[in-house]
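Take this structure first; my questions come after.
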Amino acid sequence: MRYLSTVILSLTFVFSTVGHVKAEADREKLLKEAGVYATFAVFKASEQWWHVEPHTRALATTDVKKLLTTYGDKLTADMYLLRGLSERADILIRIHSKEMVHNQNFLVDMMATGFGKYFTQVNAFNGITKALNYVPNFPDELKTELKTPPPQGSTYVVVVPIQKDAEWWTTSQDARIRMMKEHTDATVAYLKTVKRKLYHSSGLDDWDFITYFETSELSDFNNLVTGLLQVKENRHNRTFGSPLLLGTIRPLDEILEILAR
Amino acid sequence: MRYLSTVILSLTFVFSTVGHVKAEADREKLLKEAGVYATFAVFKASEQWWHVEPHTRALATTDVKKLLTTYGDKLTADMYLLRGLSERADILIRIHSKEMVHNQNFLVDMMATGFGKYFTQVNAFNGITKALNYVPNFPDELKTELKTPPPQGSTYVVVVPIQKDAEWWTTSQDARIRMMKEHTDATVAYLKTVKRKLYHSSGLDDWDFITYFETSELSDFNNLVTGLLQVKENRHNRTFGSPLLLGTIRPLDEILEILAR
Amino acid sequence: MRYLSTVILSLTFVFSTVGHVKAEADREKLLKEAGVYATFAVFKASEQWWHVEPHTRALATTDVKKLLTTYGDKLTADMYLLRGLSERADILIRIHSKEMVHNQNFLVDMMATGFGKYFTQVNAFNGITKALNYVPNFPDELKTELKTPPPQGSTYVVVVPIQKDAEWWTTSQDARIRMMKEHTDATVAYLKTVKRKLYHSSGLDDWDFITYFETSELSDFNNLVTGLLQVKENRHNRTFGSPLLLGTIRPLDEILEILAR
Amino acid sequence: MRYLSTVILSLTFVFSTVGHVKAEADREKLLKEAGVYATFAVFKASEQWWHVEPHTRALATTDVKKLLTTYGDKLTADMYLLRGLSERADILIRIHSKEMVHNQNFLVDMMATGFGKYFTQVNAFNGITKALNYVPNFPDELKTELKTPPPQGSTYVVVVPIQKDAEWWTTSQDARIRMMKEHTDATVAYLKTVKRKLYHSSGLDDWDFITYFETSELSDFNNLVTGLLQVKENRHNRTFGSPLLLGTIRPLDEILEILAR
Amino acid sequence: MRYLSTVILSLTFVFSTVGHVKAEADREKLLKEAGVYATFAVFKASEQWWHVEPHTRALATTDVKKLLTTYGDKLTADMYLLRGLSERADILIRIHSKEMVHNQNFLVDMMATGFGKYFTQVNAFNGITKALNYVPNFPDELKTELKTPPPQGSTYVVVVPIQKDAEWWTTSQDARIRMMKEHTDATVAYLKTVKRKLYHSSGLDDWDFITYFETSELSDFNNLVTGLLQVKENRHNRTFGSPLLLGTIRPLDEILEILAR
């Protein structure tokens, strides 16, 4: 069975519709507000994991579910399956909360479970959500375009960490607005099929931005990125990806079942 | 026994000529159409694998064959032997399907077999096939040359991932057409001995293109690449290879036998 | 239970208030004086550690405490929790003493304990504290601003190693003072919420400076770093981070308990 | 006992002088002809190897010798000892044959022996020999100098893979001839003490050239390389080494005995 | 107990004063002559080492001592302790002899001992000593300064491998002399507290120079390096360190005891 929207890890769903509605509201708020801290924690199962009995592995995955319930009032955590499409990584956990320390507490506890102790963390991208920086200066027409509702229930997730060069940062705000308008113009055609979210990382990680995308049309996404490579702002990307993470959005149970297979 | 063309992993061959003809037609279609998703999954056997009994290893390889049959209606998967010629990698599996999620499902299942759990994934290149971009603007003579039938039954495979620099992407389409014509002119002499295929990767991976080659004449291939290094477009290759993968095209059974030896 | 200031590893606290007052005074002196040698030793627990019995792990952590008492008269050592927020690293130990050899002796002994032998050192940043270099040339107003008392009892620690480029070092002292004034102006707004400390590393490590920060407001810290990226001096940062370390400041007992969980 | 020339792995020597003479002639031909494919396979023994009983290790090395006899009619394979002088690598095997697939078959079989399964391949440089490119355009005097017989029975081997930059490749042939003449002039003084051999790698590997040297005078070799760094062509070396491999030329039996010690 | 000068590994000391005097004289000669080959071999103990019984480890270290006696007439070998101060490395062995093959033989034998087989080699820097290159062209006053006797019995060792850029090597000898004079002027103030030694590496390793320093005043050393960063010659350092190695000079017995602790 597959959820219509992205995977919701809140297990309160099982026990109480009221609780679920509240948790879902909290989740939606966390995913929309500014000032929310996100950690993208990427893991690779150790070789030993795959040699543990499937039954024992299945049991171990229940620890993760319990932990998600415990932390349900402090944060949201979405799990994605990277295995096969992104070398060296199996899963991505995207965590949102009002304080970075909650993200750490959850991760530390997750890694201490019978499941987590077989997984090696290979990346930790940290970021914060902020009010839009350049959009207020865009023409009204573009602002209206940007209100296009993003797609729901997408199949794929892509995460691209970005570091800008020193020239970008020392360029005047006006010149950056012009470049970001050109950048944004190139995205308009894809607003219906690609959902985007931006995290600011300078000082919290070795990146300046973590860009997060959901889509069911990878062909569109390839065209979108090709379009973004062709605008002047691209000259100021010191790194774009490296690693870019491509994975799939699936119900938590399906991902855990795959890992226990 | 060696197939005339590249290795066909579809085991339906064994059971039904009719099924085989259909599978082969599907395969040819997948290999020619635009909008097809490819994953180049590169694996290295763990040290433990080589210490497992040959008999047990031989048994394990049968799991891979069964899996190929199961997925036969969703995708094609070609296996190549890199061991010895490409440091740190033993095999390359090239998968084509109409949806990237099929590629992932196959890989996840393959890695969960008694065979797969001894192999570590060291690369995953993802791409999509597209209609030709520059060729429509080439002179008719060159277009005719490009219809030269590629070689069949080649011995070697070479995979070269490429990332272009920001200057390339922000150069006008016209200037890029001129550079790509010069690039293509340099390939004409090798159309008969080198088969080429292009995948677009921007946004799906940390590359812009995955270039795939088959040849029986590595000497020709070395000359071809040397020629390509000498055209202006080469100045815009931020990376060319790194890793370049060189391997051999052999029947699946031969590769699996080598790995079980 | 949580200390108001950063974690104090001196266990003499437990036995003697007088001893503690002296140790604390020594510590404050070490943290303020010029000519003090610091080592930032970063560790990752091996996979085996997490498979050792929790009880045995808890016992092992007592070795670390004993060692801190033994070395209490020679150095201060602060432990921070990086696990989850910084890929591949679990803890950071920041050591200050009057001679680098003390730092090494402590680390060698720590790594030989039942605790330490399960931890792999992944970074060693070495530095020395010095009298302020550029500040004496700043305008009085700025000098006064810089006397703003830093925050106490912060939640987060960030360590950013920096390497300047050759152009920076061969630029005249005057031009560097001007650039550092612009840099310092950008920090004034954050003096109340971000505590800073600078270590000089040229010749002691592959860095020129180790910058150390404490804050409870990561949002402010992100703004501060974004501001520093926008001044001209940023053009001369050959590396800024890579790795940047983000962690939390917690009582030693809490960190050790987390590692034994 | 030490051979006068480089190590000859052909064990037919033991059984038949006639066979040996033929094998030696084949070998000399392979080492001199154009169109010969070379693979430089570099290996590091796993930690376990050194914990295997010396007696068992000695037995394992005999597998390598048998394999060399089996492949004697298809290829030559020279083994060198890198251990100690080149970090992370223990041995280098240089293989020459008329088809790259022979090199792979040999390596695959070698790695499947009781010896090979304890060794991890850390590099594979592939190349092809070609007729001289620039020499035909050199002045007669220099051509005569180049006929100086190289040294025999050298103690040391050095392998330097090289990648040229895009500017080199897009420079006119004439300008490249001039630069290569200057390069070659710098080598004349060392023709008597340093033996050189060139392999072309573009498209077969992530290098453009593999340069191979034998010498008994490392001091001369250091002077030679210093001279080559001082000519204009050096500006077009994107990489020169990284890794450079330094090792010793010893009889196969001595190397195998050292590895079994 | 601590030697006044750097650690002398020659164990002949124990048995014969006469032998010692000769060995010491040989050692002094090797450390001063031109044309001497040096290998800086850097090792990290494997995780297993620390889980071996202390008693067994102590026994294993005696193998190293025996080996040093055996090779005493061919080479000198100094061991330094890097553990804790240089990530990933525990010890550095600096070897001097008249032929690089002696360095290799010693290392191969050392790595085959009960001690060595638990250590992984992480670096091998190879170099040769030469007559001074630029000094003969310096003014007499500077030449006199350079005769300042270096410090004896220092506490710390620093090793910095350096690679110059192509511009350096293609700059005229005169311009290089001017830059090296400026470089040397910056060192004069530190001749009394910092001992220096230079090794030439081009062609023997992926470096051009290995610079070796001994000092008891790391603060002075930091100032010295900061001064060297400020001269024009620094613009031509493609790499300076990476890795820079910082360690301590201690008697062999103390280092071995620390490793057996």
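In order of appearance the chains are A, B, C, D and E, and numbering begins at 1 in each one.
Throughout what follows, contacts are C-beta pairs under 8 Å (C-beta built on N, C-alpha and C of every residue); 3 or more make two chains touch, one makes a residue touch a chain.
Note that this is a predicted model, so its numbers are computed, not measured.
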Practice problem: Using the contact definition stated above, find the chains touching both subunit C and subunit D. | Solution: E
Quiz prompt | Angle (degrees, nearest 5) of the CA superposition of subunit A onto subunit D | solution = 145
Quiz item: Over half shared or under half: which fits the residue numbers at the contact of copies subunit D and subunit E, same or different?
Solution: different
Practice problem: Please work out the Cα centroid separation of subunit C and subunit E, and write it as a whole number of Å. | Solution: 30
Practice problem: Return the distance between the CA-based centres of subunit B and subunit E, expressed in whole Å. | Solution: 48
Exercise. Enumerate the residues of subunit D that touch no fewer than two other chains.
Key: none
Quiz item: Put in order round the ring, from subunit A and then through subunit C, what are the chains?
Solution: A, C, E, D, B
Self-check item: Residues of subunit A that touch subunit C when the two form their complex
Solution: 35, 37, 39, 41-42, 46, 48, 99-101, 103-104, 106-109, 111-112, 117, 120-124, 126, 128, 164, 166-167, 169-170, 200-206, 208
Quiz item: Contact residues on subunit B for subunit D in the complex?
Solution: 47, 50-51, 81, 83-88, 155-156, 158, 160, 218-219, 221-222, 224-226, 229-232, 234-235, 237, 241-244, 246, 248, 258, 261
